[in-house]
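In the part that follows, the structures are each spelled out as structure tokens.
The same chain A turns up in both complexes below, where it pairs with chain B and then with chain C.
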Partner chain A sequence: MNITEKILARASGKTKVSPDDVIFANVDKVMMHDVSGPGVIAVFEKLKKTGMKIEKLWNPEKVWVAEDHFVPAADKISAQNVVLLTQFTKEYGVEKHFKYGMGQYGICHTLSHEEAMVLPGEVYVGGDSHTNTTGALGAFAAGLGHTDVAYVLLNGKIWFKVPETIYFKINGKLPDYVMAKDLILKIIGDIGTDGGAYKTMQFGGSGVSEMSVEERLTLTNMTTEAGAKSGIIEPDQKLRDYLAQRGATNYSEVHGDPDAQYEKIHEYEASELDPIVAKPFSPENITIARELSSVSLDKAYIGSCTGAKLEDLRAVAKIFKGRTVKIRTEILPAAISIFRKAMDEGLVKIFMDAGAMVGPPTCGACCGAHMGVLAKDEVCISTTNRNFPGRMGHVESKTYLASPLVAAASAIAGKITDPRDIK
Partner chain B sequence: MEPFIKIKSIAIPLDKVNVDTDQIIPKQFLKLVQKTGFGQYLFYDWRYEKDGTVKKDFVLNEPRYQDSKILLTRNNFGCGSSREHAAWALLDFGFRAILSTSFADIFYNNCFKNGILPIKVSEQVLQKLFESRSEIEIDLEKQTITNDDITISFDIEPHWKKILLEGLDDIAVTLRHNNEISKYENAQRNSSLRVS
Partner chain C sequence: MKGSVIKYERDNIDTDVILPGPYLKIHDYNELAKHAMEGIDKDFHKKVKPGDFIVAGKNFGCGSSREHAPIALSYSGVKAVLALSFARIFYRNAVDGAFLLPIEIEEDTYKDISEGDQLEIETSKNEIRNITKNTTYKIKPFPELIGKIIAAGGLFNYKP
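Up next, the complex of A and B:
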């Protein structure tokens, strides 16, 4: 069995599972945020109306809650939703509620690794499509709708059809100025936005061993854009060290068997990659950054669970140091812990010296909700994950998806720029 | 939920691939948490001009489709954000069935949980349905799709079929079997070694 099959077998008390088996898995962690949470609460209310009594959750210690999409409260309704979430976590004794304005908080997928909320070998589900991100920690991580999250909150279990796994074997090392974001955009460009539909995308090989944990998280994060059920990477010493730094040492790793089966194996030579950009209006619409050097921009956005981790910010700072931005540039670290480190390392000073705006962690503008959305016809280069029509604002705005290095170089040049051309 | 047994209606042809949930229900409406009333915001940016007037050339706004219960659409419908509001909006607008060559995974499951039947059909069948203007009958009991030109059968997991036919609530149904599930789980656990 491969790692995903072994995790699902263990979680369902079976010795063996195969793709397409339907299993009933015990869930180790479940997450909801300020969009899915109120939706889940609505499902609870509906159940209560049918006469069902909901006095307690299956296990409040395994539930955690993030405020990320509409914080700082975008308007009265979103403020009310945060109140609703707070009432819920109080009523049901959920202690792990990361609140905006009270110490650590941030984008849910970022907290999953920053706070080691999820551990290797676990089954983790969340009310958000980018829950896949956390698979880089060697866990089975998948997004669910509100009804399914409500079900897990009550029962601690959920049905899964065991997915087929596509294995991406990455050989060699990414060249300077090429990041994991470029690799995953290349992969999505090759397999398409439904190329991973109801499958697990697993990444391995020397190229992945070379990568930091944060870079690996960028790979699994965007498996969602290929329609994948989950993304996963096997644990190694780098991951153990990463988790140990966050106080997590007690977990039971799962590794694939030597004869693990994969539906398909795709090989990539990391050293041959160039900086890549996905053009509007799909993450699969890729080309190399240099081909877009005539595209003028209105804004650069460095944010989200995909592109505002500490190393993403360091990459931006490397380009920004001693330079000034030519276009509106917003940098929103993905969690307070990252914001603090960026401050301690002097990155925030570099950003502000360059003329960029530094803001609080939020999903805000990535999903076009608030905190800097795009006007009609505005063109943005962004370290985020989606560029569907209207994703970051007006339906006639345009978003180009890129790595933090490409976004930073483009902010300095005012048009799409390969970071190697700005040295 | 209202049981789904048989429906007959003209189908709205939405000739687009990769329709993501933000097109189905844009982000500004996610703050609303009641499950009803989302229909007015369905495909918002496609249906309305900036000043809120109805776009006459968008297919959902054509008078002949006003009572349609069936949506025809292209590959990978419902991709993107996991928001269940997308299913709520489609249902509230009046859709009970969606026919496409493929659906995004989370959206697909969300449909069943809200009384909508998503049906995967082949490229050729979908094309025929797009070209035909006749009414389509979907018979869930028999698992058939029929119009003036063709009758084809479709697949559905028995669990989902039962849920839709009886108009059951998925959570309530499963919780009703909690004791049996635990019994089964324990038996399974005792009969097999755990993998380390």
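Up next, the complex of A and C:
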């Protein structure tokens, strides 16, 4: 069995599972946020109206809650949703609730690794499609809707069809100025936005071993854009060190067997990659950055679980140092802990010296919620994950998806720019 | 069940157009219905009738996990979406929450069905009758567990 099959077998009390088997897996961790949480609460209310008694959760210690989409509260309704979440976690005794304005908080997927909320070998589900991100920690991590999260909160398990796994073997090292974001955009461009549908996308090979944990998280994060059920990377010493720095040392790793089966294996030579951009209106609509050098921009957005981790911010600072932006540029670190590190390392000063705006952690404009959404015809380069019509604002705005390096170089030039071409 | 067709001849109809992001903070199901399909069809709310079916291409419901998407369609009156394929979270949200039926159709069926056609869907017989065109299409049976959850009326009513 491969790693995903072994995790799901262990979680469902079976010695062996195969693709297409339907199982009920015991869940180790479940997460909801200020959008899915109120949705789950609505499901609870509906269930209570049918006469169901809900007095407690299956295990409040395995539940954690983030505030990220519409926070700091964007308006009255968003504020009310945060109040609802707060009442819910109090009523049901959920202690791991990351509240904005009270120390650490941030985008749920970022907290999953920054706070080591999920550990290798675990089954983790979250009320958000980018839950796949956390698979870079060697866990099975999949997104669910409100009804399913409510079911997990009450029963501690959920059904899955055991997925086929597509293995992406990455050879060699990414060149300077090329990031994991470029690689995953290239992969999505090759296989399409349904190329991983219902499947697991697993990444391995020397190229992945070379990558930092944060860069690996960018790969698994965007498996969602290929329709995948989950993305996963097997644990190694780099991951163990990363988790140990966050106080997590006690877990039970799972690794694939030597004879593990994969539906398909795709190989990529990392050294041959160029900076890539996905044009509107799909993450699969890719081309190399240099071919878009005539595209003028109105705005650069550096944020989200995909593109505002510490190393993403370091990449931006590398380009911004000693330069100034030509277009509106917003930088929203993905969690308070990352914001603080960026400050301590002097990155925030570089951003402000360059003229960029630095704001609080939030999903913000990535999902068109608030904090810099786009107007009709506005053109944005963004380190986020989706560029569907209307994703970041007006349906006739345009978003180009790129790495933090490409977004930063483009912010300096005012048009789409390969970071290798910045003067 | 019987209804008429609203057809979108495109692939990858994502949840950001089915129910745009700014409405994610809303959890009043009838209010969500007012904004269904707003990202690609501003008139959807006016033209949709109770019992209607949506017909679309592949990978329907891709993108975000928002259950708001099947909720908005369901509370607009849509009873089923007929598509070449579905994104996984939309599919399980539709089934587990008992909001609507996600029915996979063949390429020929997709091409043959037109906007406004009257259809009768009989999942027990695995077929769709096109009353307007006087023809019948075969559909694949639901996978076993999905069929049981649908029959139970959603995941919470299903007893494993």
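Quick note on the criterion: the second predicted complex is superposed on the first by the 422 of 423 C-alpha atoms of A that agree within 3 Å, B and C clash if a C-alpha of one lies under 4 Å from a C-alpha of the other, contacts with A are read in each partner's own complex, and residues count from 1 in each chain.
Everything that follows uses one rule, which is that contacts are C-beta pairs under 8 Å (C-beta built on N, C-alpha and C of every residue); 3 or more make two chains touch, one makes a residue touch a chain.
Small disclaimer: the values here were computed from a predicted structure and weren't measured.
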Looking at the overlay on chain A, is there a clash between chain B and chain C, or do the two fit?
clash
First (chain B), second (chain C), both or neither touched by A:T86:
neither
Counting only touches as set out at the top, which of chain B and chain C does A:N171 meet: first, second, both, neither?
neither
With both complexes superposed on chain A, which partner does A:N285 reach: first (chain B), second (chain C), both or neither?
neither
Of the partners chain B and chain C, which touch A:N59 in the superposed model: first, second, both, neither?
neither
Considering only touches as defined above, state whether A:K6 meets chain B (first), chain C (second), both or neither.
first
For A:S209, select first, second, both or neither according to whether it touches chain B, chain C, the two together, or no partner.
neither
For A:K14, using the defined touch cut-off, is the partner it touches chain B, chain C, both, or neither? Pick first, second, both or neither.
first
Do chain B and chain C touch any of the same residues on chain A, and if so, which?
24, 35-36, 38-39, 41-43, 47, 52, 69-70, 74-75, 77-78, 81, 127-129, 143-148, 150-151, 193-194, 197-198, 227, 229, 282, 367-369, 386, 388-391, 395
Sort out for me which residues of chain A touch chain B in the complex.
6, 9-10, 12-15, 24, 35-36, 38-39, 41-43, 46-47, 50, 52, 69-70, 74-75, 77-78, 81, 84, 127-129, 143-148, 150-151, 154-155, 157, 193-194, 197-198, 227, 229, 252, 282, 367-369, 386, 388-391, 395
Can you list the residues on chain B that touch chain A in the complex?
18, 20, 22-23, 26-28, 30-35, 45, 75-76, 79-85, 87, 102, 104-107, 109-110, 113-114, 169-172, 174-175, 178, 181, 185, 188-189, 192-196
In the complex, chain A touches chain C at residues 22, 24, 34-36, 38-39, 41-43, 47, 52, 69-70, 74-75, 77-78, 81, 127-129, 131, 143-148, 150-151, 159, 161, 193-194, 197-198, 227, 229, 282, 367-369, 373, 386, 388-391, 395
Residue numbers on chain C that touch chain A, as the complex places them
12, 14, 16-17, 20-22, 24-27, 29, 39-40, 58-59, 62-68, 70, 85, 87-89, 92-93, 96-97, 143-145, 154-156, 160
